[in-house]
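Letters A, B, C and D mark the chains as written, and numbering starts fresh at 1 in each.
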Amino acid sequence: MDSLNSYLVIAAVLFALGIYGVITRKNAVAILMGIELILNSANINFIAFNRFGGMETLDGHVFSIFVIVLAAAEAAVALAIVINLFKNIGSVNVDDADLLKG
Amino acid sequence: MESSILTFLIFLPVAGAALMLPFSKLYGKENTHYFKWIALITTGIQFALALILYRKFDPALSVTESPFTVQIDWIKHFNIQYFLGVDGLSMPMVLLTALLSFICILASWKIEKQALGYFSLFLLLDAGMMGVFLALDFFLFYVFWEVMLLPMYFLIGIWGGPQRMYAAIKFFLYTLFGSVFMLLAMLALYYYSDPHTFNLITLIQTASSIDASIWGFSVKYLIWIGLFIGFAIKVPIFPFHTWLPLAHVEAPTAISVILAGVLLKMGTYGLLRISYPLLPGEVVNFSYILAVLGVINIIWGAVNAIAQIDMKKMVAYSSVSHMGYVLLGMAAAISESSAGAQAGMNGAVMQMFNHGTITAMLFLLVGMVYDRAHHRWIIFPRDYEKPELAGQPGFGGIGAQVPIYTGFVALAFFAGLGLPALSGFISEAMCFIGGFSAFRTLTIIGTLGILLNAIYFLRAYQRIFLGPLNETYKDLTDINKIELATIVPLAIITLVLGVYPAPLLNMIAPAMDGIIQIVQSAL
Amino acid sequence: MGENIFLMIAGLVIASAFWVVFSPNLIHSAVSLLFTLFGTAGLYVFLYADFIAATQVVIYVGGILVLIIFGVMLTNRIDTPSIAAGSANQFIGGIGAFAIFVMQIGVIFNTPWQIGNNQSRETTVDTIGKLLLNEYLLPFEIVSILLLAALMGAALLSRRN
Amino acid sequence: MESNLNLLALLNLFLPLVSFAILIFFGKKIGESAHWVALTLIGITLVIAMFFFSTVFSPHEGPILQSSIQWFTTGSFTLYLGFLINNVAAIMLLVVALISFLVHLYSVEYMKGDPRYSRYFAYLGIFTFSMNGIVLADSLVMMYVFWELVGLSSYLLIGFWFEKDSAANACKKAFLTNRVGDIGMFIGMMILFFTVGTFQLDGLADGVKDGAFSGNMQLLTIAGILVFMGAVGKSAQFPLHIWLPDAMEGPTPVSALIHAATMVAAGVYMVVRIFPILTPGALEFIAVVGAITALMAAIIAITQNDIKRVLAYSTVSQLGYMIMALGVGAYQAGFFHLTTHAMFKACLFLCSGSVIHAMHHALHELHDHDTDPQDMRFMGGLKSKMPITYWSMLIATLAIAGVPFFSGFLSKDAILAGTLSYYHSHHGWTIFLPLAGFGAAAITAFYMFRLIFMTFYGKPYEQKIHAHIHESPVKMTFPLILLSVFSLALIFTLPNTVNPVDSHGWFTHAVPMVQNNAGLDMHAVEEGIHHAHYTAMTLSLIVAGLGIFVSVLFYLLQKIDASKISSFMNKFKFYDISFNKFYIDEIYNFLLYKPFLGLSWIASKLDWDLYDQKFIDGWGWITLKLSDKSGDADYNWLDQKIVDGFGNLTNYFGKNLKLSQNGVVQNYLLGGMLGVVLLIIIFQQF
């Protein structure tokens, strides 16, 4: 079981779930969680490819570190936005934030 | 200097019109005398330029040799050129246009209604007319031809008489109808000539070699028909003439003068400038019809003029009649006798010039009496608005009241009916002599015009000026200084050219020789 | 033994991820996310990525997840009986996500992956450290500046008025 | 010498024009002294004319002066202006200048006090100028030019008192009637030009001689008749004579100058000038026209009561004589009669003017504005009151009646001889020509003495008027006396002969027979005239005596009651026909003028109300209707359905698609995701 494909399948599951979460969830924080899932699936791929790809170096690891850092930054900013949104419209339901409505 | 004089002649009025705008902003549109003076000075300079051109003009030189010719590429892709030139055919027309424009500004001195518009449109019209007479590129010619149409439409439609809109639209549609045919003919000429060109001088060589047919008709024949309809409406040749009485009657005095004095000439000018040199073969085939139409014009115009009770309408129909002489003279280009051909062609161009001056006088004089009496009925119509006047003579016996005016009217009327020693006689006689050499019977019928023209002029003269004085007009004032200034130059020209036509003829003759040669070579 | 643990961890990750997405309660989702993240860290271990696994635990679990839970807390009234996390577009979204998943699976199994030698199980920290401070120095610095800016921005955004 | 003559001819031509120009432009300032300008300039003209006349007697070959300059040219079409003065022209010049001068002099008194006094003399000036132009012209074109100018001056002078409707009508009628003839002349000129190639008179004669028309004499006949049409108009020949009697609306001196002596003679003069190219056929036509005119006008003159109308018809009749003379080939006689007639007819008119002037003043003093001063029935017994006028008029009447010792006898006699000789050589219907000639001679004698008796003899119509009649002043009587002297036969025969019945005086020497280049044997004609001379003389004496005798019976002795005779004649409508001038005016009016005006009215209706308003505007109407329909189709169907259909469709989709833009970010994301799926499916990347 310890093969590339098993990791990739896990990552694919996580990715699909993340997408599903991002699309279907109403709560902004829940959407954020979906995004975290997607990022994690990507990280898994990085590491898995680094492990099985016959790489001499650990560039995949470095990339995943960067992704983690970005995820942190993203989470901080996104949450700040969510809080602001809540302050302004009293809800974090993204359906209520429809100022773009045509 | 010499090569730019033609450009100046055309675009000076445009500059004048443009100059009016700052004045209207600075001093307001109410200060109409600024516009009048600008227009007067502009046309004055233009006239002076035309005179300078006349002084330096050498009729012996062809257009290609003349120092005045301008030839610059305009739209290179289509071989369209800014090509201006002057020869013996256009020189009299340029002089006539410049002179009449100047005089018409004077005659419009009383215009107060929207003077800015009037005078600027008038100057644009002036530029268009000048351009038509100077252009030697068909495309340029067509552009000027159309440029002139629009100001005319507004000038009739805004400053005209009670039926002005009807008249203006009629004029516009009629002329546009003709223009369409002309445009088609122009494009056909362009596409069938090799190399493709609008250059009228080059086309003289190339157009005759066009050898194609559409729907079984030769292309040259179709081009001729198209051009003919376009020009015929302007002349106007029967049966395209009915825009003319209406437009003349409804237009303000100065515009009637321009209409009859210059615009009508464009038709015959176009025939002589374009149709004749380019399609001599068709001229030969068509000249009989041209002569027939000329005679119809002479007779029909005169017969109609006799029945008119509106002075202006009478003069308008007299124009129809007089332009018939031009056609008859032009048709004589195919005459076997070289004296006949020359008499006819030269007579035709002279008649164009002379009719321009004479009819201008007539319209100016009618305008003067209209200014004073506020009507111009020879006899009031039966359905006149004041029933007590219906059917009564409109004037009567004012000859003793306004002797100077009467004198000028007599001069103009007698010039119109072709009295010798006045310019009309020589050109009419030459047209007849030319016509006679080619079409005997037709010309003999046409000479009836000599009598018919006399009938309506003398009847009108008698009804207006002779007989006991109509008491309504016992306070009528005689001609004033401005009016005198408009009428005297024309009267002098009429007299001088009647006695000594050589200056005009010497100018025309070499150009006509060229056209006759082309036409005769196609016989 | 290792195989079984891997399967366990993989099952944990997938199951908890499902719950993150489908849980009607937001708090449950957040808690479930904790398990997903832990599981992922376990997977890293299986992949000989000891440093990344540690980082995952420290940053995700210790930082991001706490942030998310704070977010949940701050944006929902405490007195609501359950912090609802409604869903929409479940049908289309499900089909879409499933389609993407199928495609990914397709890609995964249809691609002849280049499989190299397994790396030795030695610690990765020093290598990563060298890489970061040599080859990836510039990205590293930029990311740090980005992080700083993001934090400052987040602080600014969430300031009252 | 040549250039001097040229200068003189130019002066002769242009001095009257100078008079016209000065008086027209400065007439207001000059005012009452206008006649001094005119008299001086015409006086100089007269002196020059006398000089030219004097050269007639010096022996010379060919014309006295022939010169021409190019007027204008177009290369091969060239017109010339020039002078051709031969003996005929020189005599004509003198006649014109003399009568013009006398009429000027006469008018000083006659026109005194007229508001347009200076204008009158100006018009006389332009008339004299134009007339001189005709006389001097060396080409048909130049002649035509002045021909028309004469028409103009005649128009101006007839319509001088244009406040009178009758005058205004008359001047128009004169001009238009003349124009009818001019058309013919113009066409004839063109035929000649394109056959011979020139308008020059001598050139035409030479061309015809050289056979330019050989084989086509028919055309030359037609051309000749057409050119003669001009003379028919100007010399008031049948059927265009109708204008001349009406022209009497002008001032009487004008009638004397223009409508008796000079302008109407221009037609005759023109025929004289072109005589060499007239074919026998054309001449026959000319003779018939002249004969008809002579007889018809004489018959009309019998019944007229207006003194000037009698003279006018007598003029028409005498012009007919001249034309007839030229037609029968009696070239000399025709021109001779022109000259003598100019003198005595001018005298008659001026005398009648003197009478009218006197009557007018008498009536004016009586404040009588209803009585016509020209009607002979209101005159009578003026002999004692106006002796000079009476004697002058009597002499002139004797001359016109053809009584020996007076000039008319000589010339009329020659004409009648010509007609007789023509009959002798042609026989058949040509007997009409001498019959008409003698008949007209008898009638002329009759009505002229009728005029004399009604005016000067018998009892005055009203004593009151008679008492106020005075003889005219010397400025008026001097011309009368002079002209009556010129009506004596001796004037024309001295110094060659004093035999009163022998016409072979200086005149016949000065005007020798010309050659006819178109086929008439002039020697034979001359011979014939010579033979017929005595017969004609005898006959003419008899008919003239008869006419005078009847007139004496009717009007002097009143042995026969004129009214009885006239009512008897009127049983056959003869009187009415004569009195109403054969109804020719009415016929023209009814058959030509009125229908023509109607025609022109119909034409204008056709042109405007039918052709333009219906046909041309019909196109506009059709276009409008079509454009209505097409506009309808365009709007309701093309625009509303198709074009707007697209709009509506877009709108519809927009409205519905708008719903997708609901601002829900997730929907966008969903769309994006589906797009990705779609793209991947499309590109089949696995």
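What we mean here is this: contacts are C-beta pairs under 8 Å (C-beta built on N, C-alpha and C of every residue); 3 or more make two chains touch, one makes a residue touch a chain.
Predicted model only: the values in this text are computed from it and were never measured.
The central chain here, found by comparing per-chain C-alpha centres with the mean of all protein C-alpha atoms, is B.
Here the spacing of subunit B and subunit D, counted between their Cα centres, is 33 Å. Averaged C-alpha coordinates give centres for subunit A and subunit C that are 6 Å from one another. As a whole-number value, the distance joining the C-alpha centres of subunit A and subunit D reads 121 Å.
Subunit A and subunit B, compared by their mean Cα positions, are separated by 88 Å. Residue numbers of subunit D whose C-beta contacts span two or more other chains: 664, 666, 670, 673.
Residue numbers of subunit C whose C-beta contacts span two or more other chains: 88-89, 93, 96-97, 100. Subunit B has no residue in contact with two or more other chains. Checking each pair of chains for touch leaves A-C, A-D, B-D, C-D. Listed in rising order, the residues of subunit A touching subunit C in the complex are 1-2, 4-10, 12-21, 23-30, 32-34, 36-37, 40, 43-44, 47-48, 50-55, 57-59, 61-62, 64-66, 68-77, 79-84, 86-87, 92-93, 95.
In the complex of the two chains, the subunit B residues touching subunit D come out as 170, 173, 239, 242, 245-246, 300, 303-304, 306-308, 337-340, 342-343, 346, 397, 399-400, 407, 414, 419-421, 425-426, 429-430, 432-433, 436-437, 443-444, 447-448, 450-451, 454-455, 458-459, 461-462, 465-469, 500-502, 505, 508-509, 512-513. Looking at the complex, you find that subunit C touches subunit D at residues 88-89, 92-93, 96-97, 99-100, 103, 106-107, 110. Contacts from subunit C toward subunit A in the complex involve residues 2-3, 6-7, 10, 13-14, 17-18, 20-21, 26, 29-30, 33, 36-37, 40, 43-44, 46-49, 51-52, 55-56, 59-60, 63-64, 67-68, 70-72, 74-76, 84-90, 93-94, 96-98, 100-101, 104-105, 108-109, 113-119, 124, 127-128, 131-132, 136, 139, 143-144, 146-147, 150-151, 153-158, 160. On the subunit D side of its complex with subunit B, the touching residues are 24, 71-77, 115, 141, 144-149, 152, 155, 159, 162-165, 167-169, 171-172, 175-176, 179-180, 182-183, 186-187, 190-191, 193-194, 197, 596-597, 599-601, 603-605, 607-608, 611-612, 616, 620.
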